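The following pair of complexes shares a single chain, subunit A, combined with subunit B in the former and subunit C in the latter.
The block that comes next holds the complex of A and B.
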C-alpha cells in the first residue's frame, strides 16, 4: 500500500507543479500574483469536457489532442487578458493587480456557469487508460501513471526551452533583472505576453489532464489556487525548480500523511510552508519584490 | 450573470408590487434564501425549481386564502453571514410569512436564528443539520426531510443487514456534517452488529478532487464496505478514482446518491457494489398520479428529471399552503399548531407527521443498490429499502439530554 500511496503523492505533485509552474513563471517575470491562474485551470477542464466527445472519443490520442487544444484556448484567453488589462497596470500598486486578477476570476467563473451550468460534469476517461495494474495485493491505477508521464514530458520540454532557447534566455534575463533587460533593448512587453501565454497554457493543460480523474465544476478554480500558492511559497515565488520540489513535497507529504497521521495531513503541509517562510523570509530566490 | 438576471427580475417584481398597492397587500410573501452561487449552487437551483412549480400550481387554483404566493428569492452565496442578513431584511422590511430554501447547514442555522427572533415559520428543505432540531431549535422550525443523523442511521440499518460484511471503514468530509454522520452511523451500527469491526475513519477536506490517497488509506484496512459521508464533486471523485483503485472489486461503497449525483455520474457509475442513500428518489417513490403529474410539469419546465431537492421543495411548499388553509390565517402560532397536528400527504408518502418537540417530520430515508434501467438516461437504484422516519428519529429523551449537554 505504501507504494500505491507514493504514486498517489507523485501524481498529485505533478499536477500541482503544472499549475504552480505557470504561477511562479508569471510572478518571476512580471511580479504579478495571478489569482486567476486557478480559473484558467478550471477553464481548461471545461474546454476538454467540450472537446473530448468531438475528437476521436474514447481513444488516448483523441484525449490528449483535446487537452492540447484546451491548453491553446486557455493560452489565448490568458494573452487576451494580459494585453487588454494587465499590461496597463505593470508597476502599479499591488492592490490594483490583485483587484484585476480577482475580477478575471469572477468573469471566467460566471462565463463558465453561463455556458456549461452549475452542475458537475464528467469527462470520460480514454478506454485504454481505465483499470489498474494489479501487483499482488496492490492496485496501481493506470491513469495517474500516464498523467505523471505526460507531466514529466511537459516539465522536461519546459526546462529545455528555458535553458536552451532564445525565448528561455530572454525569460531568465527578465526574471533576473527586468530593468537591465529593458535597457539592453529587449522587448519587455513581448516577454510578458509570452510568459503569460505559456503559464496559461500550462494551467489549461493541467486542468484538461486531471479532468477525467474527478468531476469538472466551476468551483475548481479556488480549490486549486490555494494549493498552487502553497507550492510556490515553499519553492520560493518565481523559482521554477523550487516549485518542482515544493509540488513533490506537498503531494507526497499529503498522501503519506493521510495514511499515517490522518489528523495531521493538512497541518503538515502548512507546517512545512511556515518553516520555509521563517527560514527564508523572502522565498528561496531571495530579495524583496521589485 | 444568471444571478444578475434573477436580481433584476426580483427588483422588477418588487417595483411592480410598489406601483400596485392592492396586489402588494394581498400577496403572501415567502422569503427564499438559498445558495445560488457557491458550493450549494447546483442543488439550490433544483430546490428552487421544484418550489416554483408548487407556487405556480397553488396560485393557479386561486392562491392561499385568496392570496397569491410571491417568492422573494435571495442568493446567500452559501455564506452564513450573508444568508442571515438577507433573512433579516426579508423579515423586517418585506414582512415575509415563511422562510425556506436554505441549502448549507451553516446558512440554515443563521436563517433559523432570524426565524426564531421574528417568530416566522421556517421550513428546511435542503440543509438538514440536526442542530436545528436539537440545540438551535425553536417552535417555528420545521424540518420537512430526514435530517443528517437520520440518513446516517438509515445507512447503518441497511449495512447491518448485510451479514457477509464484517469490516467497515467510515469516510467523511472533515467538517461538522461529515463528523456527525460518521458518529451516528458508527453508533447505530455498533448497537445492531457488535461483531462488525470498524476501522479508523478517514476524513477528507470538503470537495477534495484528488481522492487517491484517501481511497488507498481507506482500503488499507481491507474493509468489506466503505461508508462515505461525502457529496458533490468529492463524491464523484471518490467513485471514479475508487474504480481505478479496485474499490468495487475489493469492497463495497455506501454513500449519498441523490438524483443529481446519479445524473452527474452517468455511464461512469460502476455497475455494481455501489449502494446509495437518498432523500426523494422519484423512481423509488410511490408512483402516484400526483408524482407523475409533477414529473411531467418539471420535465416540461426544466427539461430534466426532478432531483431529490426539487421534490423536497415542492412538497414543503404544498405542506405550508395546506397548513395555512387549514389554520385560516398566516399567523405563525396558528400555522405551526396545524403543522404539528396535521398529517400531510406528499410525494414522499402519505400521512407524514411533524413532531412538535423538535420540528422533525417523520419522512422516510431510502437506501438501495445502483442499477442501470434503460428507461432512464442515467443510473437509478433497485431494491430500494424505505426506512420509516419514526425508526430513525432520536427519542425525545435523547434529544433532551443532548440539549441539556449543549447548554
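The block that comes next holds the complex of A and C.
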C-alpha cells in the first residue's frame, strides 16, 4: 500500500512540477507571480474532457493527442492574455500585476462554468492504461506510471531546451539580468511572451494528463495554484530545480499524508512551507534556470 | 503619504454618506438593510486590510484568517465555553489578535512576495483546521443556531449598529495612523532600512501593525457571524481574501478611505450585477483588467484628482 501511494505521490509531484515550472520560469523572467496558472491547468483539464470523446476515443494516442491540443489551447490563452493585458503594465506596482492575473482567474472560472457547467466531470482513462501491475502483494495501477513517464519526458525536453537551444539561452539571459539582455539587443518582449506561452502550455498539459485521475471541476484552479505556490516557495521562486525538489516533496507528502493522517495532510504541507520560508528567513532569492 | 486630514468638506461628505446610508436603510425595506449590513461589515474588513497595505505596505494574501478567527472565536466562546453572548463578544477580537500575533511573528520575517505567500499559507492552515476539525468547529457544516441572528434585532436596527461599529473602528484607525506608532508604521512601510537607521525596529513595528489589522478584521468577522447567526470555514477561505483584496485595490491604495470605497463599490456591484449579466466573474474580471491597465491607483485616485481639479480637497 505504501508503495502504491508513493507512486501516486510521485505522479502528483510530477504534475505539480509541470505547473510550478511554468510559474517559476515566468517569475524568473518577469518577476510576476501568475495567479492564473492554476486556471490554465483547470482549463487544460476541461479542454481534454471535451476532446477525449472526439479524438480516437479509448486509445492511448487519442488521449495524448487531446492532452497536447489542450496544452496548445491554454498556450494560446496565455499568450493572448500576456500580449493584450499583462504587457501594458510591466514595470507598474507589483500588486497591480498580481491583481491583473487574478482578473484572469475570475474570467476563466466563469467561462468554464458557462461552457461546461458547475458539476464535476470525469475524463475516461484510455482502455489500455486501465489495468494494474501486480508486484508482490501490491496492485500498482498502470496509469500513474505512464503519466509519471510522460511528465518526465516533458521535463527532460524542457530542461534540454533551456540548456541547449537559442530560446533557452535567451530565457536564461532574461532571468539573469533583464536589463543587460535588453542592452545586448535581445527582444525582451519576445522572451516574456515566449516564457508565458511555454508556461501556459505546460500548465494545460498537466491539467489534461492528470484529468482522468480525479474529478474535473471549476474549483481546481485555486486548489492547484495554492499547491503550485507552495512548491515554488519551497524551491525558491525562480529556481527550476528547487521547484522539482519541492514538487516531489509536496506530492509524496500529500499521498503519504492521506494514508496516515488524512485530516492533516494539507496542514502538513503548509507547515513544511512555513518552516522552509522561516528557516531561510528572507526566502531564496531565486536562482537562474540552469 | 500624509495622515488623515479632515477638511470641513470631507466631514460634510462623510456625514452626507451616513445620512444617505441610514435613509436607504430605513426606507429600503428589510432586503436592502441586509445588503447594507453586509456592505458595512465588509467595509470594516477591507479597511483593516487597507491599514496594513496602504500604511504598512504589507500585502497580505491571508487576511481572511483573522476574519474567520474573529467569527469562530466569538462563536466557540458561546457554544464551547458557554459564555453569555455579551461576554463572548470580547473573544472574537481577542482570538483574532492572538492569531495575528502568532502568524505575524512568522510572516514579518519575510518581505514582499514571500510575505504574501506565507500569509496565504497561514490562512489556508486556519481554513483547513476549521474545515476538518469536526469535533470542535463542526467542520464544513459550520456552527449554526447558537444564537438568534443579528442578536434578534430588526434588519434595519442591526445595520445601524454595524454603521456605529464601523465608525468607532475607523476613528480608532485614524487615531492610530496619526499617533507616533502610526508614524513608525508608515516610516517602516516607506523604507524599512531608513526606518531602521533612525532607530526603529522594523519587524516589531510590522508585527504591531499586523496584529492591529488582524484585530479589526476579527471584529468584522465576529460581526459577520452575528449577522449570519452562524460561522462557516469559508470565512477564513481564499474567496474572502481575494474579495477583500480586490476591494482595497478597487478603492485605491494609499488612501484612508480606500477600504470603505472599495467595499461599497464591490458589494453594490455584486448586488446589482444580476440585472446586467449572470456572469459576475466575467464582469469582475473585465472590470479589474480595465482598472489595472487604466487606473493603476484605483478609484480613490479619481476622487482625489477630481477634488484637486476643483481645488477643494486636502491631501488624503
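Keep in mind that, in the parts below, the second predicted complex is superposed on the first by the 273 of 290 C-alpha atoms of A that agree within 3 Å, B and C clash if a C-alpha of one lies under 4 Å from a C-alpha of the other, contacts with A are read in each partner's own complex, and residues count from 1 in each chain.
The rule is short, and it goes like this: contacts are C-beta pairs under 8 Å (C-beta built on N, C-alpha and C of every residue); 3 or more make two chains touch, one makes a residue touch a chain.
Computed from a prediction, not measured in an experiment: that's the story for all the values here.
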Checklist entry - Clash or fit: how do subunit B and subunit C relate after the overlay on subunit A? => result clash
Next on the checklist: Looking at A:266 after the superposition, I want to know if it touches subunit B, subunit C, both of them or none. Which is it: first, second, both, neither?
Outcome noted: both
Item to check | Touching partner for A:166 - first (subunit B), second (subunit C), both, neither | outcome: neither
Next on the checklist: Let me test your reading of the model: by the given contact rule, A:114 touches which partner, first (subunit B), second (subunit C), both or neither?
Outcome noted: both
Next on the checklist: Just checking: does A:215 make contact with subunit B only, subunit C only, both, or neither of them? Give me first, second, both or neither.
Outcome noted: first
Checklist entry - So which bits of subunit A does subunit B touch that subunit C touches too? => result 110-111, 113-114, 266
Checklist entry - subunit A touches which residues of subunit C in the complex? => result 53, 59, 106, 109-114, 116-118, 120-122, 124-125, 128-129, 132-133, 238, 242, 245-246, 249, 253, 279-282, 284-286, 288-289, 292-293, 296
Checklist outcome for this item: In the complex, subunit A touches subunit B at residues 1, 4-5, 8-9, 11-12, 15, 110-111, 113-114, 117-122, 124-125, 130-132, 134, 139, 141-144, 210, 212-215, 217-220, 223-224, 254-255, 258-259, 262, 266
Checklist entry - Which subunit B residues qualify as touching subunit A in the complex? => result 1-2, 38-39, 41-42, 45, 200, 202-203, 205, 207, 209-214, 216-217, 219-220, 232-233, 236-237, 240-241, 243-246, 250, 260, 263-268
Item to check | Interface residues, subunit A side, partner subunit C - complex | outcome: 33, 85, 88-89, 92-100, 102-107, 109-111, 113-114, 222, 226, 229-230, 233, 237, 263-264, 266-267, 270-271, 273-274, 277-278, 281-283
